[in-house]
Each structure stands twice: as structure tokens, then as C-alpha cells.
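Okay, so subunit A shows up in both of these, paired with subunit B first and subunit C after.
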Partner chain A sequence: MKLTIGKDQLMLGLQAVQNVVGSRTTMAILNNILLNARDGRLQVTGTDLDISVTCPVVAQISTPGAITLPARKFIGIVRELGSPEIELSLDEKKQCSIRSGSSFYKINGLAAEDYPPLPQFKEVRRVVIQQETLRAMLKKTAFAVSADESRFVLNGIFFSLKDHKATLVATDGRRLALTDGEAEIPTESQGDFIVPTKAINELTRLLQGTGSLELNFSENQVAFTLKGENGFDTVITSKLVDGSYPNYRQVIPAEPLERVAIPREEFLAALKRAEIMTSDKSNSVKLAFGRNQLTITANTPEVGEGQETLAINYKGKEMAIAFNPTYLMDPLKAVETEEVYFELIDELSPGVLKINEPFLYVIMPMRMS
Partner chain B sequence: MLAPSCQPRGARLRERTFHGFLFRKFDAWLPRLCSLSRVILHLDMDAFYASVEQRDRPELRGRPVIVGSPPTQRGVVCAASYEARRFGVRSAMPSITASRLCPEGMFVSPRIDAYRAESHEVMAIVRELAGGRIQQMSVDEAYIEVTSGGPCDSSPDERLIGALPLARKLKAEILTRRHLSASVGVAPNKLLAKLASDYQKPDGLTVIRESEKVAFLRPLEVQSLHGVGHVTAENLRRAGIRTVGDLQDYSGDLRPFVGSWAAELKRFAMGEDHRPLELGDDVKSISSETTFLRDTDDRTILRQCLREAAAEITGKLARRRLAAHTVLVKVRYGNFTTLTRQFSMEEPITEAGVLFRLGCWLLGREHLVHRPLRLLGLGASSLVEDRLRQMELPLRLKGGEPQRQRHSQSLPNDPYSKS
Partner chain C sequence: MNRIRLLSDQVANQIAAGEVIERPASVVKELVENALDAESTRVQVEIGAGGRSLIRVTDDGWGMSKDDALLCLERHATSKIRQAEDLTTLATMGFRGEAIPSIASISRFSLTSREREDASGEATQILIQGGKMTDVRAAAGPPGTTVEVRQLFFNLPARRKFLRSEDTERAHIQHYLTLAALAYPAVSFTFTSDQRVVWQLPALKPAATGEGGMHGPLRERLRQLHGADTPMLEVDFVTTFHEAYHPGDTFEAEDGATVEPAKSSFRAWGFIGAPGVSRSTREDQHLFVNRRPVENRGLNFALIEGYHNALMKGRYPVCTLFLEIDPAAVDVNIHPAKREVKFRDESGVRRWVAEAVRRTLQTFHSPDALSTSTDTGHAVTPPAPVEPLSHLSSERQFQWAPPSPAVPPAGRQAPVAPRTPQSNEQIQNVAVPSSSLDASGVVPSALGNVEASPPGATPETAAAPRSVPALPPGTPVPLLHVPLRLVGVIGRLYVVLESDRGMVLMDQHAAHERVLYEEMLQRMESSENAPSQRLLLPETVELNPRDANFVRRHLDTLSRLGVGLSEFGERTFLLDALPPFVKGSNPKQFALGLIDELQAVGAGVNTLRLGEDIIAKTVCRHSVKANDPLQGPELEHLIARLRNCSMPYTCPHGRPTLIEMSWRELEKKFGRTG
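Then we have the complex of A and B:
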């Protein structure tokens, strides 16, 4: 293997894979990244066996070839190199030479053949969605994913692909976020699955482009192919969460009693301030809906208290309902509309937050014990 | 602010000597820190369970009494009378070992309710005589902070001596009214008071004066200090530190041996302890454990055991209006290897079902039941007030969790595995 590559290009590839390498110590080669040089490109691959990321970048290849190099050292050196051009060459002892300007380094590699093969899909279902659409959908749901490992089916986002519509759902058992977006879904590619949190994080990080995205899935894995120019596609492959997602439809309240429009930014700012007056022990704010007025209060005996008043158009019955302020602020930060609509039934029933776009958020109140 | 004459001079000088400039900065605060002229009593009932038995059953008096499971059964010693202790019998020792050490031992089954009731009576006497600043540590042990140890300008030593009449009165009243003996330690802080009460047991009364505390601690083994267990003691031994005196003299950095605890350990070695009394009935954790008659890995039994423990614990939580952020399980195998594993949650829990589910899940995740268990325990800690409770969405998470499902195939009757 012998090639010349721009530092920017190489860093692009390395940054794409860096989060999935080096987290396991049981297999030394998993601390390495795989470099594969051919056809005018250098393909950079990293895996932790659960998630794999492959990112091709432009390079001038003199001799095709492949090698794996220790990720931390290699990334460390490349990042610090002072010259914009880098030359990589491999010798028969699997040592990779790095030349750039006046710098010269040699790193010991491990054989590319020993690198775990990327997952193969036997039966493939294929769906196409715009990268921007998916990015927006992830933003509206990812914050509600559960971190409680004892309920691991909730440790990811549920994807449901049906009728030209992709629906994403996340819940931690106390609030639930749901959104949907347009997608090309052939009838034979309908289905649903749970993508684990780490894959969601990597996907969100890499979803910066404007092109389309191809989604392939089978019984236990999923691949997101981010279409780039000239076939330079970044691919994220992940195992799926092994379990069935709970029936989330049944927790969405059917008939609200009251519906009120609240200016989003004002609501968020008031909650941010009120939250300061809460504590770990008493993490709640009370929302009191009165005639044309919403009063938010935070009262923590050992800290103090705060009160915020918002003018709203409300004619319904008076109601005071307590929520965890974080659970209220998360969706307000994730959406961009001017107004949100809050639907309520009573103090002990779930509240629902909606906007004038496909988005729905169910939040359970807190009650006095 | 108190008058300058009120400052505990001796203590201040020592602080300066041993802690250098660090403490000098706080000199301005010292007059306000009552901790430096405190008087703490530690009351410890002598062989409490065994003494109650000997009091209630005259035929046991003067005999080696061992409260605990009979040696024919599995189980451990809960308490031993002083007569039995002479044979080397100690609490938490397997009953079978105790009977080997002390063949004459009279084994008595524990009557926990009776001890608890007795404890109530004793603590009532303490409260009556010593006022409200009491931290009860267990059924037979309490710290008492004496607030009126003499005039404000008396020296720390004078204040300690001034508390002796109260200490004598406590012992005398408990003996007269309850026919039980207690040992009392009088010292400037909790660390020393506990060491003092233990110094001349039974029926002891020991004062550790501010002026002699460093010398008192010198010959003791490091393990006498609060918080130093086998592991820390072993780590210190590697540094050549065996006695508290070695610790006092050690000029190097202790952090390689005891981590972030180094500073406090050094203070303990100097007899300095600023820990306040925890008043009220603050509970740190609630747990329940069962020792099986026969080691078992029968999932039905273990499950039943966890379910009962969960109900007991959540009952106690509810009575105290508490919720728990952390769940822990404890297992002990036939060879007495004991393991605990814990799991913390963002939202505190209060319900027996959830506690039970997490207990089962922890056992499964950590593969703790790979051989029969001698003991199984469940506990809840990181307790918070259960003022406002986050409600849960009525999601049905059932067969959807393969780990739990796999677990429940061999463990029937799991409410969480039914659809």
C-alpha cells in the first residue's frame, strides 16, 4: 500500500470512525482502524463489533493495499502533523510509514485480514429517506431515550417504516416523543426495529449532508448509507436492540379536555429560570393554568422559591399540574416552531405537547405522594 | 461570635502544628466552630442481646450465652455474653464454629422484638437525661452531644470532665431501671468517644481528654480507626504503617494507599473528627436478608425470598416517606464468599414490584446464582424524601426483554413475565 492524501481528507475519515474504535480491550485489533486503499480512495473503517463505521475519502493511490493501525496513535499523529499533504506507505513487516513535510513516523500495524469482517445482510429491506429529514426526526426524539439498562428495549429509538412514512419513537417510561417523516418504502421493505442509543449518536454526528440516505435492515442489524458525491458513501452498521418495543400507541391520550397555545421560547426561558430553584430532592415545577395566565412555580424548602407568569389565551378550567422541568424543556429545545400546544386532562393524567408539524410528546406529571 | 477566650487553645495549637498553613487560614473561623470544643458521649450497651437474655432468664446468668442459630442449624452468632467471649466467640461467627470454641455455650434463639422493645426503653432513659442531641446508631449504641459541658471559657478538658456526672448518671439509671449495664466513652468527638466506650468494657467509663488524645491513639492498630477495614489496613501495611502512631508520624502522601480519603484519615489519626451528629431518624439504607437452612439455587425459593424482601423494604420506605435511587443485592455462597452488586436509577423507586424486578435483574445480569446461595439479601439506598413522585407511562414492557424472559423461564410466577 502506498498513497498520498490531504490531511483534511484523512482527518475526515478518521473522525468519522474514532468513536467506535478502542472501547474494548479484549481484542487488540479492535483498538485499530482498518485502512483500505484502492480505486482512488482510502476507505477508513472502525468497529466495536456492535457498531461499524466506514468512511471513504479521496486519495492518490500508487499501490493498492490494506492495513490496520492503532487508532489512538495514528489519529494523534495525523492530527498534529504540520503539513497539508501526507504520504502513507506499508512495508512487508506491516509497518506503516507516515511522511509529511519534515515529519517521519513508522507505526506497527496488524494484518487487515485479521480485522473482523463487516456484517453481511442476508435478506435486505431497503428504504430511502432524505438525510435532512432523518436528522430533524432524530433531534425530535433522541432526548427521550431511556438510559436505564434494566429496561434495555427502551435504550434506543424505535423505527417503524410503513406506508411511505417513517415513524420514530423514543421513551424512557416517563415521557414519550414521536415524530414521522416522508420516506420511500417499497411494500416488501416495511417493518420496524430498535436502533441502540450509541448508533443513534454516531448517526446524528455523521448526518451533516443534504443528500439521500439508504436504510437497509434485517432481523438483527441495520445499515445507514449516507450517499455522498461520486459514490463516496459513509456507512454506519449497527446491531439492533433484541426485543420488542412496547405498544406506545396505547399511552397516547385520545381526548384532551383542555388545549392551550403557549409561545415556545417564552415558555422555555421561564422554565430554565424556574428550574434553577429546584434540587435533586425536589425536582418539579408546578404549572397553574388560570384564566389567560400560566403561572410556573418552583418551591424547594431547602433552596427557596421562584415564580414565572406567562400571558396565554386560556379559558378552560383552572388546573395545577406538576412536572419534571427537564422533561418539559427537552422537547421545547428540540423543536423550532413559534408556538406549542399543550393538551391536558387533569392533574394525574399525561399531558401532550404538539406543534404544527408531525411531532407529539406525552409527558407524565408528578404527583404528591 | 464567641469571645476569644472561648477558643480551645490546645486544639488550635495542634491544628497549627500538624496541618500547617492549611488550617491557619481557618483560624478566623475557629471561634465559631463549636466542633473544636465539643463533648460527645458514646453509649454502648454491654453484650446487649445476651445481657437481656441473662436478665430475663436467671438460669443463664454467669454462663456463656450465645444468641443465634443453634449449631445444628446453619446460621450465625448474633451476640455472645462476656462469659462466651472468653472462649473466642464473636458475633457474625458461624454457630458451628462457636460451638466448637465453646462447647459449654448455651445457645439461645434471638428474640429481636424483645431487644427492640428493650432498646426503646434504654433510649428513652438517654433522651430523658441527656436531651435531644442524640444519634442512635443501632439498637444498643448511641452518640450524645453534651451542650452544657461547663462555662464557655472553660478549657476543652474541663468541659469533658464536666460531662462525667451525666455519664455516670446514664449508666446508673440504665442499671437501676433496666438491670442492664452499659459502657460510656467521653471525648471531644465521635471517633474518640467510640474508642473510649470500648476501652474498658463491660461497665466502663472512659474519658479521652483533648490534651491526651494523640497519645491515646498512638499505640492502637490502624484498624481501630473509623472506616479502616481490612483492605485499607493492608494498603497501609504496604507503606509500613501498622499503628495509629505510624500514621501520625508519616510525613509522606497517603493518597497512593487510601486515595481521596487521605486527608480525613490523617485527621482521624490525630484524633480530629469533625463529623456532626446525625440527628433525627435519618436512614441511609434499608435492607433485608435471608440465610437459608440449606444452600439453594432453586429459582422459586430465591424469587420468593426477593419478593418478600422487596415488600418488607418498600413497607419501611413508605412508613418513612422515602424513595430509593439505588437497589442492591447481596449473595453469600457456601464458602462465605460474599458479593454485593448495585444499580442506581435516575428516578427513585418506592414500589415493591419494581424493587423485586430490579433485584431479579441484577442477580441475572451479574450471574450471581451460578452456584447455590447461603444468603440472599436485597437493599435500597440513596434514599430521598418521597415528596413528589414522577408518574410512569402505562407502557407494557413484558416479553419484550429477552434477558428477563430468559431468566423467568426457570423462575416462574414473575408478575413481569406474564402477559
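Then we have the complex of A and C:
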């Protein structure tokens, strides 16, 4: 293997994979990244056996070939190199020489053949969706994913693909976020699956504002192919969370009693202030809906209390309901509309937050005393 | 052909012996119990070869006439009960009339007895070999009974093979005798093994009349048996309670019988280990119910519950605790060797034992806090008079209790403890020892006007019943009641303090943890009902029938704690709300753990119990760490706040906050004393 590559290009590839490469794992080769040079491109691959990322970058290949190199060392050196051009070459002892300007390094590598092969998809179901659409959808749901490892089915976003619509759901058992997006879904490619949080994070990081994305999934794997120019596609593959997602439809209240529009930014700012007056032990704020007025109060005996008043257009019955302020603020931060609509039934029933876009957020109240 | 036939008496006795007589120690137990039931004042136990070759128990009790002596060898012949009803008012150790014939059937047995009142001076001696009477004759003997058991199990080779080594068997015998000796300090015990006197315990008369006087002899007995190293606290706790009786409580209900809620009186007395004293086994937990040594899992739990976080996980309390309870409320007839007992109101007894321990521990620290709960001034005894600390009178000195020897710092004191006025700087560092934790948790202002010896204090202290005059010096004095002088900090963690008794080390992290922990608990206590976060996806929890029954009865309690459970079928419950602090954990697991805990503790659980773990964790995060350098005033303030805690001697995880090293210990280490 021998090639010349621009530092920027190489860094682009390395940054795409560096998160999935482990640092302390029992298999030494998993600390390495796979470099595969052929057809005018250098393909950079990293994996932790659950998630793999492959990113091709432009390079001038003199001799094709492949090698794996310890990720931390290699990335460290490349990042610090001073010259914009880098020359990589491989000798028989699996040592990779890095030559750039006045710098010269040799890193010991491991055979590319030993690198875990990327998952192969048999019976492939395929869906195409715009990257921009998916990115927006992830943003509206990812915050609600559970971090609690004991309920592993909730440790990911639920994708449901059917009827020209991709639906994404995330919940941690106390609140639930749901959003829809248009997508081309052939009948034979309908289905649903749970994508683990780590893959979601990588996906969010790599998604571009433009271009389309091809989604392939099988029984236990999913691949997101981010279409780039000239076939330079970045591919993220991940195992799926094994298990059945709870029936989220049943927790969405059917018939709200009251519906009220609240200016989003004002609401968020008021909650941010009120939240300061809560503590670990008493983390609730009370929303009191009165005639054309919303009063937010936070009261923690050992800290103090706070009150915020918002003018709203409300003619319904008076109601006071308590929520965890974090659960209220999360969706307000994730959406960008001017107004949100809050739908309520009574003080012990779930509240629903909606916007003028396909988005729905269910939040369970807290019972006070 | 008839297949069924009656067994001969001898076989029946051997079978009974199989249940009652397990090993030589069981023989000793039965014989000593008989001696104690006969109101002996002196019991001599002699064994040979770990009890295999010889067990001889000699007492000076009532003794038996010739007819009685012959009759006692019959099965179910006893002087202790007459009819079944007597079982409910049982005051003796034995009652079945099985032990003597059983023992006689499996050994070479001789019984020599002379009635105490018998004027003739003639004793009866009966010899039995493996259940067959070989001789009955008149003999000379002192009043009382001597039973000699030789070659135990000689006719039961199978049983003999199960015996352990001589040492093990001797240890079992000695263990039983320890318990008997603790339960009867007024009886003198002599224990001889292979012609070597192991113990000779003189009879100890109660130091004073009244029940409170029993502690003295017991303490002396304990000292004789175990030495006086372990600091122990006196317990005395009396209560009457209405038994809570749940007909649905399947595992406690007697079948069919309806038991009216009865009013029982309950007394717990004895000694428990001071905070920080624990063992890794239950070995030093001696529990007695109506003076009978017993094992009862429920009581073990109650002890741990009483210590709660004064005990590290995996450690067990040390105690010698006597429970006195209406005999009708205890069933001892459930174990052949009567090792286990059953309480009619198990949960009630557990609750009160835990309460007794808790109060003792709290009283130990702040004697006034609960003075109304116990009767005469126990739990804390006056220390030996203390010389004023002239060498400590630097301005750094701060005190928790009056240093003046005239006023013992323990016992009942006026809410504001008296104090000898000293220099002004000194007063600055004096924290008023707030006698009780007021609910507000206000730390008394350090600069508060400290009045010198309020006149009310001394008379009251003097008036407090001190019938037990200056108990032996084994009684610990709360460390925080003696004046402490700050010397410095070592390793940026251990605070070195000097007291009149020696050196005191304080773990600044543990101490701060305890302070924060109690402050946080108090704040939480002020709010009544725990808030609860509703769950989006309710979960079903399936329980075994016993747990389900328990949960059904305690749905209200659970809801008060912020746990929303509702019935969802016979053994299934729907969990739809949790306290908000339960963040990450699996709701189901949390609920199951909670149910276990509730069952262990009883329904009277404090709402805060749930949060304690979490509080302890939070507190641990926020408290002063090992490497944080603290300045003098900060440390003094910390000690002052520690003084205000209700359980200052351990951190919320049960690790000690303070370690004391007495002058004696130091002198020993430096070879100044033997």
C-alpha cells in the first residue's frame, strides 16, 4: 500500500470513525482502524462490533492495499502533522510509514484480514429518506431516550416505517416524544426496529444538511448509507436493540379537554428560571392555568420559591398540574416553532405538547401531596 | 397379620431422645434447666471428654423424694405443668417431662436427690443403664439433686458417630452455660472440664431492689464471662401495646382460633453494643425471651433495624438482651429443644425491640431527647469524676458537657447544659449542647449567651434516681460529652483531638457526611407526603401469594411513599407511579426491593426510609472530601454540628466517625504499663 492524501481529507475520515473505536477492549484489533486503499479512495473503518462506521476519502493511490493501525496513535500523529500533504506506505513487516514534510513516523499495524468483517445484509429492506429530514426527526426525539440500562428496549429510538411515513419514538417511561417524516417506503420494506442510542449519536453527528440517505435493515442489523458525491458514501451499521418496543399508541391520550397555545421561548425562559428554585429532592414545578394566564410556581422549602406569570389565551376550566421541569424544557429546546400547544385533561392525566409540525410529546404529571 | 404395634417405652424414649438430645450440650441444657427450675442457687457442671464420658450436674434445689425421683423417670412425668392451659402461663424452662427418661435411655445414668426440707438427711440414688433401672438405693447426699450421665449414646452407635471432636462438644456446652449464666446472675455457676475448673462464677445479688437493679449483676456477669473490653450500653425499655392481629396473616395465625387483640406488656433490658461495636457474625447476639435463650430471625432483623445506619452493611450487633413478655404471647413449644420461639404478635415484638435499640442509641448520645420514654435514668451512666483539664485550657478548647466534676455530664440535665464560665475566647468556640434535636434543626448559635451553671441543673441531676451507684467503669461515656481539644489534622483527613481520656481521631469526611445526612433527613421530614412521578408505561408486578397479601394490606402506606400500586388481578399489581428521586433504576426492581424492605421493617416505616440510600449518596458527593484542607474554625464548627446529630458516631454508611484511643492504650503501646 502506498498513497498520498491531503491532511484535511484524512482527518475527515478519521473523525468519522474515531468515536466507535474502543480504547480498552479485550481484542487488540478493535483499538485499530482499518485503512483500505483502492480506486482512488482511502476507506477508513472503525468498529466496536456493535456499531461500525466506514467513511471513504479522496486519495492518490500508487499501490492499493490495506492495513489496520492503532487508532489513538495514528489519529494523534495525523492531527499534529504540520504539512498539508501526507504520504502513507506499508512495508512487509506491517509497519506503516507516515511521511509529511519534515516528519517521519512508523507505526506497527495488524493485518487487515484479521479485522472483523462488516455485517452483510441478505434479504435487504431499503428505504430512502432525506438526510435533513432524518436529522430534524432525531433532534425532536433523541432527548427522550432512556439512559437506564435496565430497560434496554428504551435505550434507543424506535423506527416505524410504513405508509410513506417514517415514525420515530423515544421514551424513558415518564415522557414520550414522537415525530413523523415523509419517506419513500416500498411495501416490501415496511417494518419497525429499535436503533441503539450510540448509533443514534453517531448518526446525528455524521448527517449532512443535504443529500439523501439509504436505510437498509434486516432482522438484527441496520445500515445508514449517507449518500455523498461520486459515491463517497459514509456507512453506519449497527446492531438493533433486541426486544419489542412498548405499545406507545396507548399512552397517547385520545381526547384532550383543554388546548392552549403558549409562546415557546417565553415558556422555556420562564421554566429555566423556575427550575433554579427546585432541587434534587423536590424537582417539580406547578403550572396553574387560569383565565388568560399561566402561573408557574416552584417551591422548595430549603431553597425558596419562585413564580412566573405568562399571558396566554385560555378560557378553559382552571387547572393546576405539576411536572418535572426538565421534562417540560427538553421538547421546548428541541423544537423551533413560535408556539407550542399544550393539551390537558386533568391534574393526574398525562399532558401533551404539540406544535404545527408532526411532533407530539406526552409527559406524565407529578402528584403532589 | 397385624402390622402395627405399640413401641416399647424404651424405644419410644430413644426416639424422643433423638429429638431432644442431639449432643452432650443438649444433656447439659436439660439438666441445668431442671436445676434452675428447682430454684437452685448453685449449679455445678462437670464434664469429661467434652461430655462423652461424663456429664455431672449438681444443684442445691428443691430435690426430690424417692417417689418423685422414680416417677420423674417416666415419660411425660413433670412437676412443671398440670394441664394444657398451664402452657400459656409457663414460667419454667421445661414442661414436657421428656428429658430425664430420654437421657436415661441412652446413657449410664445415675440420679441422686434429697429433698431440701427432708429432715431424715437421706438421699435416693437411682441407677439406670440404657433405660433399664438397675438399682434404687438410699444414699448419703446434700440437699438438691445430682445427675450423672456417663457414656452418652453408648447404646446408639449411630448417634455417637455424629459427635464432633471433644473440643467442639465442649465449646457447645460452654456456649450454653454462658447463656444460662447470663440469664441467671443470681445463681452461682461452676464449670469443670476434665477436672480443670473453667469458671467459677459467684452468685450476684441485684444491687438494688426494683427491676432496674438487674443491670448491675448482669454487667458483672458479662465482665466475668467476656471481659470488659467492649463498650456496652444499658437498655431498659418498657411498653404496653395492643397487639395488632391480622386474621389474614397466614403464617402467624393459629388455625381457626380467633385471638382477641390483647394488651401485652413488653420489657426489653440488658446490654447492647455502643455505636461502632459490631461483629461479622451473630455470635455475640444473646437473646433471651423470658430468660430463655432463643434464636429468632425476626429478632435478629429487629436488632439490625434498631441500629439502622449505625451499623455497617454485613456487620451484626453485639447484645445481651432480655425480653420479658406475657408467657401467653409466646409459644416455646415449637422446637424440640425449645431453641426457637414464636410470638403471637411477631411484628409488634420486632417493632418494639427495634424501638428499644433505637432509643437506647439515641439516648446514649443525647440523654434528654427521649427522657420521657424510659423510666429511671438508664442508658447513660455518670462517668468517673473528671479532673478539670488544666492542661487543656487553651483557647481552642471547646466542650460539649460541663467539665466540672460536680455535675455529671450524663443523665438528666437541664435543656441548656451548665458550663463553667471561662475566658471569652473560649466561649466563642463553645457550642451549646442542645439537649435534644429541635425539629427546626437550628444549630444553636455558637455565641449564644452561655449561662454559667443554671441553678436548675444541679438539683435536677441530683434528684434523678441514681439507685445504681457509680456503675463499674465499663460503662462508656459518650465521646462527644467530654471536652475535646483540636490538635491538628493528619493526612488531610483525620482530625486529631485530645480529650481527658486520651486521643480521639475523627474522619472529617465521615463526620461531615453524618451532619449533612441528618440535616437533609430533617428537611425531608418536614414535608408530609412524598410527591410521586406518574409513569407513562405502567408495569405489572407479579408477586408470590405471601408478598401479594402483604402489599394488598399496605397499598395506602405505599401510596403515601409515592409508589402507585393498584390491584390488577389476584397476585398482580399495576405499578403506575414512583417517587421522583427514583431516576435510573428499574421501577419494578425498585418496587420489589421496597416491598422486601417494608416486610423486614414493618409497616410503620418512615416515609424517608426509601430515600435514605439516595440521600446518603448525595450527601457523600457533597460532603468534605478526604483531601480538602479544613481550617481550625471550620473543624470546630463541624464538631459542633456533629454534636447536634442524633447518631453522631457513625456516618450514614455505618462507618465510624470517631475513634478513641485511651491513655491506657497509648501507655500500653509505649510500654509504660503492663
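In this section, the second predicted complex is superposed on the first by the 365 of 369 C-alpha atoms of A that agree within 3 Å, B and C clash if a C-alpha of one lies under 4 Å from a C-alpha of the other, contacts with A are read in each partner's own complex, and residues count from 1 in each chain.
Quick note on the criterion: a residue touches a chain if its C-beta (ideal position, glycine included) is under 8 Å from a C-beta of that chain, and two chains touch if they have at least 3 such contacts.
On a predicted model such as this, the values are computed, not experimentally measured, just so you know.
In the three-chain model built by superposing on subunit A, subunit B clashes with subunit C. When the two structures are aligned on the shared chain, A:272 is found in touch with neither subunit B nor subunit C.
Of the two partner chains placed by the overlay, only subunit B lies in contact with A:152; subunit C stays clear of it.
Of the two partner chains, neither subunit B nor subunit C is touched by A:94. In the superposition on chain A, A:302 makes contact with subunit C only, not with subunit B. Judged by the touch definition given at the top, the superposed model places A:174 against both subunit B and subunit C. After overlaying the two complexes on the shared chain, residue contacts for A:324 are found with subunit B and with subunit C alike.
In the superposed model, A:243 lies in contact with subunit B only, and not with subunit C. With both structures placed on the common chain, the touch criterion links A:282 to subunit B and to subunit C. Stretch 290-298 is the one among 146-154, 200-208 or 290-298 where subunit C clashes with subunit B after the superposition on chain A. Within subunit A, the residues touching subunit B in one complex and subunit C in the other are 147-151, 171, 173-176, 246, 251, 280-282, 284, 322, 324, 348, 350, 362, 364-369. The residues of subunit A lying in touch with subunit C in their complex are 147-151, 171, 173-176, 246, 251, 280-284, 301-302, 322, 324, 348, 350, 362, 364-369. Residues 321, 323, 343, 345-347, 350, 357-358, 361, 365, 384-397, 399-403 of subunit B are the ones touching subunit A in the complex. Subunit C makes touch with subunit A in their complex at residues 520, 523-524, 526-529, 531-537, 562, 564, 577, 580-581, 583-587, 589, 611, 618.
By the touch criterion stated above, subunit A contacts subunit B in their complex at residues 147-154, 171, 173-176, 242-248, 250-251, 280-282, 284, 322, 324, 348, 350, 362, 364-369.
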